[in-house]
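In the two assemblies presented below, subunit A is common to both, partnered first by subunit B and then by subunit C.
So, the complex of A and B:
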């Protein structure tokens, strides 16, 4: 059931496209370079993200929400669109596999220490395949419900941490130079660039002309939540501890106390995080399936969801077996790949549109 | 002929269809007709066949047929037999069958419903509805007079949906009583009642009831289509209809409400739902129904909005407790002991020390015991019910703890879960939760909180994809329509519910005027300004 999704629903989808893994992976990377100036890095990456959202939004406005690869095929040639489709399919398969690995690693490190990774991968995959088969409309609806839960968790988080917040841990501010801040903001920018999933969600948007607004709203929401999470973690632990902690956000939650009876709420927050990462994984699996559908021009993608899921599971289990390898990829390799597919491809699409438009204008004048 | 019957006959394999005889037109010979009727219905003792001939035995011969018990005997005697048998014209030799038919039909039967029937099937259907058949020698048409009047249960208080404040009457098994109860509440020209006969052997009367202009035409068309498509031999209760027409296929969640309360059906109809009353059961259906409809009780509107809102929040809380509490207990005691405050952890550990069973087995034992007791309670004779309850609840519970089979904490968890289950106003959704709870317990025992959250995600996505006659099951929360949240988690005062809650398919219509909030008229409590007295008047 792939119905149309509204503007707010789409913006909220963007939030959960970026946030769940960003809160887990980014704090340590940002803090390594920017320490207490980490919020500055978030601001810089948000600005870059807004620019990428504008580019992606322009592409969607130009093609009026048509399936991206079909549009490329129409404007260029079937060969170009198929090659681009294959490359993008590889990109989305890799990205989805890394998301699954980050999910599984986190659960393995924090919750189910003795459960084999394969069991977790199979379970998560089955659930996510079911989610994708239910359609983007259902995913968007559940996503909105999950985001609404922030209104429960954020006050609980703030109230529980209130006595531990030390504003002096944020000082001295502006202590890092532009080069360090730029380095710190590179990896978060790759996360922000995930807004480019809109290219493949566009056919399901009720108002594709509002794609830019959708991207911007989603990114600003992500930025505010990331800042909130980082600033509170910095105020509680200070910049030195954050660099050492694997998951500083959840470490912060771990010290929440309300009275003498409510404490150690990290598992509660982890449970909430599990809901949002399921949604992130489902969104990326949906986009991968959509990319496959457009590349190979299949009318129904339902029979292929399981096959693509299996490929992702295999890549997750065998390519990203080592956490260190995944960390290096996130820190160094990811930016290049994401820049290529989330920035250059949309830019190329805009260029293609302009060239095509000017050509047809010229033809019109000649006739 | 309904479409489904035609479809079934084509295949020729349907066991339901093979028993349906082809429609047989009446023969002009009364004897042949009686033989055929005898062949069809046999020589049952409750069927009364009475012959009438005129004096010469040549020009007119009639036969009355009715079923004792389905007709009102007084009505048959006074409105059919007596007028016909005592009529002089009918006794005369000169009257023909045609003339007698017209005279009887137009002048002689003082009953409201007189119908003609030309086929045996139509006449037999009327016979089973309590009509008295009048068959004529020499005519291929017969008359049927409505003399129905069987024993009915009187209107009583609903047994499964009682209220403290509000109407105390519930539907009965009679379809007509049900429709009349709704007519009495909705005295509007827009009320429409459409009747169907479903079930080849039971010919159960089904009425769909709605308000024209408020109910969605799309939903109505869909309900009519699904009712027409039912091809079965029997409809004995509203659940038969519910299972045949509800959305979702394999879903544990009900997508149609059932209720014994006419006020609940009237309320639903006023909000654009469509009521379905089924003859033979006091439970009516309401469709389309969203998930949140199952948490609304009639009493919410009969008491103040603040307490209604509070109770509704309690119900949602009870829903989660009923579904999750045993699973959470298992997950926390098995996987996440660190979540518990130290004192509670020590207390629980001490209780569980002597228990030989793992938490899952302990929970399953208690839950299944409770379900056995509950099931026994339904069937138990009323005189021994309380005794068994004491044995079940007190003796078994306490004895199990003392014997070291289960911990006291588990008894508390299971009892609280069971009580929470009864807080939910709809038995249909409460039963769904009972089943989901068991799945949750197994998942919690294998994957802890992660498993619970994973299964929650499956349930959420399943519910988000469900529809009730085209209406999203989680609306107006997902998709979110903020202005229709006035009667979902809380109930706002009635004066602020200006518009009818809209579904995806319904129309947004105003149900009351604006500015209904009661407030004093400005200046009403101030003393009126003194009028200047006209000169020359007043007391001296």
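So, the complex of A and C:
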């Protein structure tokens, strides 16, 4: 079931690995610190993301698309690889659980107010497990179709908002100092660092040598779309109002009106967002399963998908019950954890590769 | 055979998909919903008094508009008035009297009573921004008396009163430009901005009575109608005063909110001050530029516009460029008067509805930071001097080159 995916497909997967929750969680965090200078924060985080993508790409180039933990095992020792695998598994379980919680919170806040969270979690999980069981190639194909829908939604969004866009709301520019901009760009950087899922998608890449290009293309696309979403929200609502709204992007959609007959398009855009978050959740569940597979060296992961899904559901239901706790984690805690696993681990892998290479060179000289 | 079985399975499974459309625990039957088209809020005896206008689905096509045909005594909408210590408590209390659950997603207007506006409207805005089915795009109005009374009044030409008032304000801001319609999110934006002030159009009843019986709307000229009146000014969250329509018009020039406007002016101001000509302003731009002059700000307000002459009551040859220039100068003076008059009143109210604070922040960041730190905007605002410059152009003079009066005199 798990065929190889092309470079464009992989780049599009990166887009939906980052974008769906980024559009929901980030605007409020960025605009709290940077207000109308929010685009600057996006640029800064994109630059950091491109650097992370380069690091991850280098690791994949070095191991030539081999399963990451198997490669670590080969280059270091089984103990190191198992410990790293367990830690990464914990990281991906946590991350996937938070994605599920963000998904459920959004649906509960906006659409299904009375439906119990448990029912939503179970339904979402069933659908996503089915998606993951179909393999990464199927996910990538569906993902491509979903991304192509931007060609419908972006013009509709712009056309509907045209009369409410006020460019003066972006002024004054450069009103915030570097410290505030850095604070504003920290959390988006953690989202950009999610490009590190490529480490576990590498065995399914048709051309693993192009991993850097995949990462960069995906991140640039994310950056453009984030910028587009934030700038339009700022132009419509201004820097002060945007901080009031829990989901500024969707509040912007709420005021779209075309003539006297097309309005209340929220549900249309929410449906599209649900499509893309399903893909994000599926990608992360896939990566979690892949991490499990490599850590415990099981040949087929299919029997374990349900079990891992159950763990994620339980963590989502009981650890992240409070949305305030999740908000604080997103704002303050996430950066440290993501920096550790998405930046330091790939950097460690590069270091491992260099050490191993110099050792084998030395051995070659000795013999 | 296998394909046929698969196809059969698929066809049998398709109806099962309808189960997904139920909306789980959030299913709502249309005939159990009370679709509100407007709401009004008053503050009475330290309690919220809320009035909801619910569309009456059993009301047939009556003589009140549309294509007509048939008649029914059933009104097109019904209103519920409830009280509560909080807004939500009041809303929930409608369930004590109504057979239908309130559904706010199709609301068009919200009217705030002066009593509530004086008490403060932050809680109301918060409810609108927080509640899932509340619409932040509703048009907000203020009324001098009880806001609830406004919702009881029936309208001619339209059955859905909320939607009718929405049309009225959209038409007004498009054709008259005395003031722009204020949607709830725009109100919140203005109050949350550096200026911290906002304006709301007044809605009122022209007569003493309320026409709330369908039989009363059968008359051609109703003794009491809904109308748009003055402009209410809010500072912080509280009502501070009114601007007359003229003053509101001047404010529209200052804040670049003119779409199309008709200006009456004296065509020969050297001979007579009588307003005997009309001009439709079709394009208008306002540019405000704050300049710091040692101890206070000067606002350079450049108003430019162009349009067409639509009425002329004096003897004049419109092929004469001098006559046109004279009229343009008269028009400019007229608008200058409007702006100055409006500014005097705004200054008296002490509410920055001109958005000057935002302009200062955008153009002079350092000084704004200092003002913000010292929280001295109110005193800085009082010191502001405005320098309006108006430049209008009469581009066309309509279908006649001479006034009818001059032809008659010849």
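Here is the rule we go by: the second predicted complex is superposed on the first by the 367 of 367 C-alpha atoms of A that agree within 3 Å, B and C clash if a C-alpha of one lies under 4 Å from a C-alpha of the other, contacts with A are read in each partner's own complex, and residues count from 1 in each chain.
Definition applied: a contact is a pair of C-beta atoms (placed from the backbone, for glycine too) under 8 Å apart; a residue touches a chain by one contact, two chains touch by 3 or more.
All values reported here derive from a predicted model rather than from experimental measurement.
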Superposition on subunit A - do subunit B and subunit C clash or fit: clash
First, second, both or neither for A:111, with subunit B first and subunit C second: both
Touched partner set for A:134, first subunit B, second subunit C, both or neither: first
Touched partner set for A:237, first subunit B, second subunit C, both or neither: second
Contacts of A:171 with subunit B and subunit C, given as first, second, both or neither: second
Partner chain(s) touched by A:275 [first = subunit B, second = subunit C, both, neither]: first
Which superposed partner A:144 touches (first subunit B, second subunit C, both, neither): first
Touched partner set for A:264, first subunit B, second subunit C, both or neither: both
Partner, of subunit C and subunit B, that touches more residues belonging to subunit A: B
Colliding stretch - subunit C into subunit B, listed as 9-17, 243-251 or 387-395: 9-17
Contact residues common to both interfaces of subunit A (with subunit B and with subunit C): 111-112, 115, 263-264
Subunit C residues within the subunit A interface of the complex: 23-26, 105, 129, 132, 135-137, 183, 185, 188-189, 192-194, 361-363, 365
Interfacial residue positions of subunit B with respect to subunit A in the complex: 335-336, 338-339, 341, 447-450, 452-454, 456-458, 460-462, 464-465, 472, 474, 477-480
For the subunit A and subunit C complex, residues of the former touching the latter: 109-116, 119-120, 168, 171-172, 175, 237-238, 240-241, 244-245, 251, 254-255, 257, 263-264
Subunit B-facing residues of subunit A, complex: 1, 6, 8-9, 107, 111-112, 115, 123-124, 127, 130-131, 134-135, 137-139, 141-142, 144-145, 260-265, 267-268, 270-271, 274-275, 278
